[in-house]
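Shared between the two complexes below is chain A, which pairs with chain B and chain C, respectively.
This part shows the complex of A and B:
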């Protein structure tokens, strides 16, 4: 009797928490897509379909995942919100009609990947013996662009599966794998020597990325490794040493590679050469400035003047269309996801799960800061995507997969908590 | 596990703090720099049809630029008028970056418009209409001055109202036709420096016009300096060099008033030497040299006075406005104006009024004091000396019968030998509260200020009195 009431209360609390959020998000998605649909005369059929499909998908995914596993619904809703901001922005600004549709299809694949992530982490009972083969596979995947890829935008980090149709960025897909491998290697409060193979693996990954000139991914891999090592071992000396080593490597890279020097020079003063080298960032800043406080309005701006407006510079495009206020709210949404994710990490029962959740959240935060900082000229630009928002299948699906792992861990936490409550109640019944 | 949680909390807090920092930095820069970014010449949004660009008119309400019904931007029908105002008004390509079309594009396009405006246009479906700007410029005066400027010469003329700070005319030669731009890059139809507004961006050696500042420094340092007698024997040997008076003139014994009126280099060289670099620089900086002249309506390139005179020669030559001293014509007009205005330098005003699309004024240019650059009594003495220069000295060609015109000429050397003709300068004003007009004229390689620049200034001031009152 009493147990049932406690359970009901818990459920009711969760529901009221997420229901308001869910309705608000669905309302936003619906109204934004509706606005876009009626900007064309008489109406844009594809946008109209998306106006119905996106909120429906958000509702369905939240409810379905919540029914099957006791996952943290707030994270699901926020992930769907971020993803829909991407589709909405692309519907609004993309030159080709197919871009937002492709993005929506990738999002559907991503939701599948998210489900896979949840099931995978829940089913993963013994991970120690999987680490070594996973490392080998991971390195092979990272090396694959040298065989199957080509140079693009000054980096060689793509593999072509179907010519001109399907390309994949292995460095994106290896992000969740890297985090799981690191979490396994660092779990159980190991001594430094026991960590060496894992660190060596991470260093090898970074080396491969450097050879492919994928500076953004390199920076992310490096910082995530350092942060995870620090959280796992609380070893200040090695952590600071590692950061120092990274800093030294950055200085050497700056000296040795002209393209790094160019990036930094552009960052220092893009206005010197606003038509050639500084073109991207100048156009991004102009777009942000033109947007002002409340933006030019959906469909009224001209963010297509920015090169790569749909991927690397989507934040600047959003700032132009929706304005400063909205883009700061977007940052706040990332902060909410991070806070929620950190709670998942802190509630996890094993250090492996805890570290995995932490790694995912830390990487999400770092990646967002790198690209937003780059868009707003706070730091030199590195070509990473704005998680879940930028166009691009690899990044979207891989980020959803990471979110799946995070959600799986949250569901394990919820089950453990439920068991705890049960146990406590049993004890109370016995003692009373 | 407890330690792990602690570290996760630590790193989590750090990441959240970094986000807050990022958000704050982003907000602050957009707030402070956003409109500067948006008004960049490479912003092609202003050439698009996203909004109906507002009108630009002169002080009498004559349209200088407006958007036709089909969305094209139209300027004045008369080519000469169009050209005379080209750098002031600007163009659609943003070739003259300081032009109003460009510098004020966010106002003209209503980019920074209020939320209410936007909601209204969003719901009514109407095209967003930008604000319109009325300038303090007088189109008739400006085109007249441009026509009076010597053919084929480069240079600048600025006319301001020294009591209100209003800019009445900017003429920068050569100029260009805003409707005849071939493309966004330099084209053959236009001289490469035509896009420059020399009034604001032309840094010139001021030559003898700078003696106004040197005289102010001397009077501030010693109110009795007026009684001091100097002797000019045509040249003076200082430690390490020699300064001579222009045209081999020998002025004999004279006081400071006459020295200014006759533009005696020897006297002013000695004066600078007596004052020392520190005091001369302090006065120059009070007059606005070495300062970011960034005003609400526009900005002027920084005029320069050497921070430390490397040797006696540098100091002596700085006293007569040679060497490393650089001043823009607009700044010189402001200096002359501040002398006329009892030492009060007014903040320059270019925009008289901004109206939103409903005709409601959102901004009105009001006179405000920029700085008391020198005392009223010092300004009065300088005014008398400049009056003497027009009445009986080097600036006599600036005289207008019936009006008290005061002025100072300059013939600034731009090369070490005499191979290049001097830049002809004139800075002056009408000393009359009814007609408070100050002028600065530069004719590049024009020759002597008294014969080339002074007549242009005379015509400009006379026309200003005629058309404005």
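This part shows the complex of A and C:
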């Protein structure tokens, strides 16, 4: 009877077979890229290369990561799928041919960042000592656009490394760092006073982002901090107080900054000025509407009419090309990644790991909600990217890094569970 | 490929892509549900999953009587309050008495805001490192730590730690047998 239970536990530990999921994902990647390759006459060589490279990379990454670490393979596969949806859509809609290839190169760098994230979180033993230096480094990095950056799309959140070639957005790279700092600061059920330095750091970050007018990142940082604080302490009073403060700050920002008023006015009724201020959202709504249930067909839509169709409005472009059914499935994939991430957070053995996993999926969920809500006129538009899908190296690499941390925590959970089984087996040997 | 043929292919492919994505979502949802069910089963079969050891009362009264055992997770708060991870219901134990954290060397116990925490020798400590078999005082309750993955002391052979010996000599009345080498514990471990 006992022997049977160990066997059952062994089976319980083995995660479900992901072969069919992996095959379906690879088939989608291959067939979509192949279709795009034959859009041009005789064929588009770059798309053909990507048609072979993307499924191969998905298979290799899933197998390799699964062999090296006991990571949650389903999350790896879904992350690779989301990334490939981005490359496929860009191959179809981007004006410049180099855009999808650049995105694919960033994705390769992102996969490296994911591996680094896994190794980093697995090797991180004493995180408390690193918190103070990490806070200073983060603030310096967030302030760097004031020295090395320039105003772009109404915000000063970029730094230029190589003129017209390589720019990076520090606020994107600071997301995983912020989550780890918050997780370290809020771990071990601290009282409010002990959390004050961490909350002050997050508030400082928000202040810097406000000065750079990076409202999307500001909103993400703020909401993630509040959610993580609540998850760590279950303190309703402080959490609601924090949300109230945030709401008050939003009202003040609305009154003080004309560009916030403009955004809200566009959100309320974009049709007042459909050719100027409301142009983006009007075009996005037309695109989503014209896509219908199954889309216009890959390569047959006109998403280029939407300004920023490749980054902020890629969801509208996907809805036009692939249709509503596909778009809802895309959102369902985000939900599934978040669900799996929550399971990782709940199974983690230390509060630091648990909070870090929770923070990553909370930020992923918030970011998706903000941009999809903005695209569909559900909430005012904020300039954040659709995680792993939108064009943009900083966002892609940083999201992959966050996924790496999540996968690293999932591998630590799996190892701990395996140890539990070993212990049970040992006990049975002794008592049988 | 001609434009007409491409259009027909692209129009047909959109149903294929939608069906493929539906399959992916359903498959991923099924895997997620199944993994959730398996994790639940795992917890039912091995309730000690996630535990690092247990604390046993060796001297105490009220509702923390001698012999009572409290499961210990990897980190948390020890106290008499409902929110405590290890809840020792004794008048001398505060709601949030001490914080504990499993380290590679043992269980690091830190007194919270001047709470009474004494080493086995009766020396007051703000922070102490308890190893497998060590005891310490929380308020007026003496607790002994039993770690599942006991960290061996220097020079000790892990394979022969006497874990499976018959507990003939170790009784409550002869604490030396119970506490093992606690008297020889290196003083440096205490702050």
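Here is the rule we go by: the second predicted complex is superposed on the first by the 416 of 432 C-alpha atoms of A that agree within 3 Å, B and C clash if a C-alpha of one lies under 4 Å from a C-alpha of the other, contacts with A are read in each partner's own complex, and residues count from 1 in each chain.
In the analysis below, a contact is a pair of C-beta atoms (placed from the backbone, for glycine too) under 8 Å apart; a residue touches a chain by one contact, two chains touch by 3 or more.
What you are looking at is a predicted structure, and each value in this text was computed from that prediction instead of being measured.
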item	value
Touched partner set for A:285, first chain B, second chain C, both or neither	first
Which superposed partner A:99 touches (first chain B, second chain C, both, neither)	neither
Chain B versus chain C as contact partner of A:351, first or second or both or neither	both
Touching partner for A:211 - first (chain B), second (chain C), both, neither	neither
Which of chain B and chain C A:294 touches, first, second, both or neither	both
First (chain B), second (chain C), both or neither touched by A:339	both
Partner chain(s) touched by A:277 [first = chain B, second = chain C, both, neither]	neither
First (chain B), second (chain C), both or neither touched by A:235	neither
Intersection of chain A interface sets (partners chain B, chain C)	189, 294, 296-297, 300, 332, 339, 351
Of chain A, residues touching chain C in the complex	5, 8-9, 11-13, 15-18, 20-21, 24-25, 27-28, 31-32, 35, 38-39, 41-43, 74, 78, 81, 187-189, 294-300, 322-323, 325-326, 329-330, 332-333, 336, 339-340, 343, 347, 349-351, 416-417, 419-421, 423-424, 430
Complex contacts: residues of chain A adjacent to chain B	189, 227, 230-232, 234, 274-275, 282-283, 285-286, 288-294, 296-297, 300-302, 305, 319, 324, 327-328, 331-332, 334-335, 338-339, 342, 345-346, 351, 354-355, 358, 361-362, 365-366, 368-369, 372-373, 376-378
Residue ranges of chain B touching chain A (in the complex, touch as defined)	1, 3-9, 11-12, 15-16, 18-20, 22-23, 25-27, 29-31, 33-40, 42-45, 48, 50, 106, 111-112, 115, 118, 122, 128
Residues of chain C defined as touching chain A within the complex	1, 6-7, 9-11, 13-18, 20-25, 27-32, 34-36, 38-39, 41-42, 45-46, 48-50, 73-77, 83, 99, 101, 148-149, 164
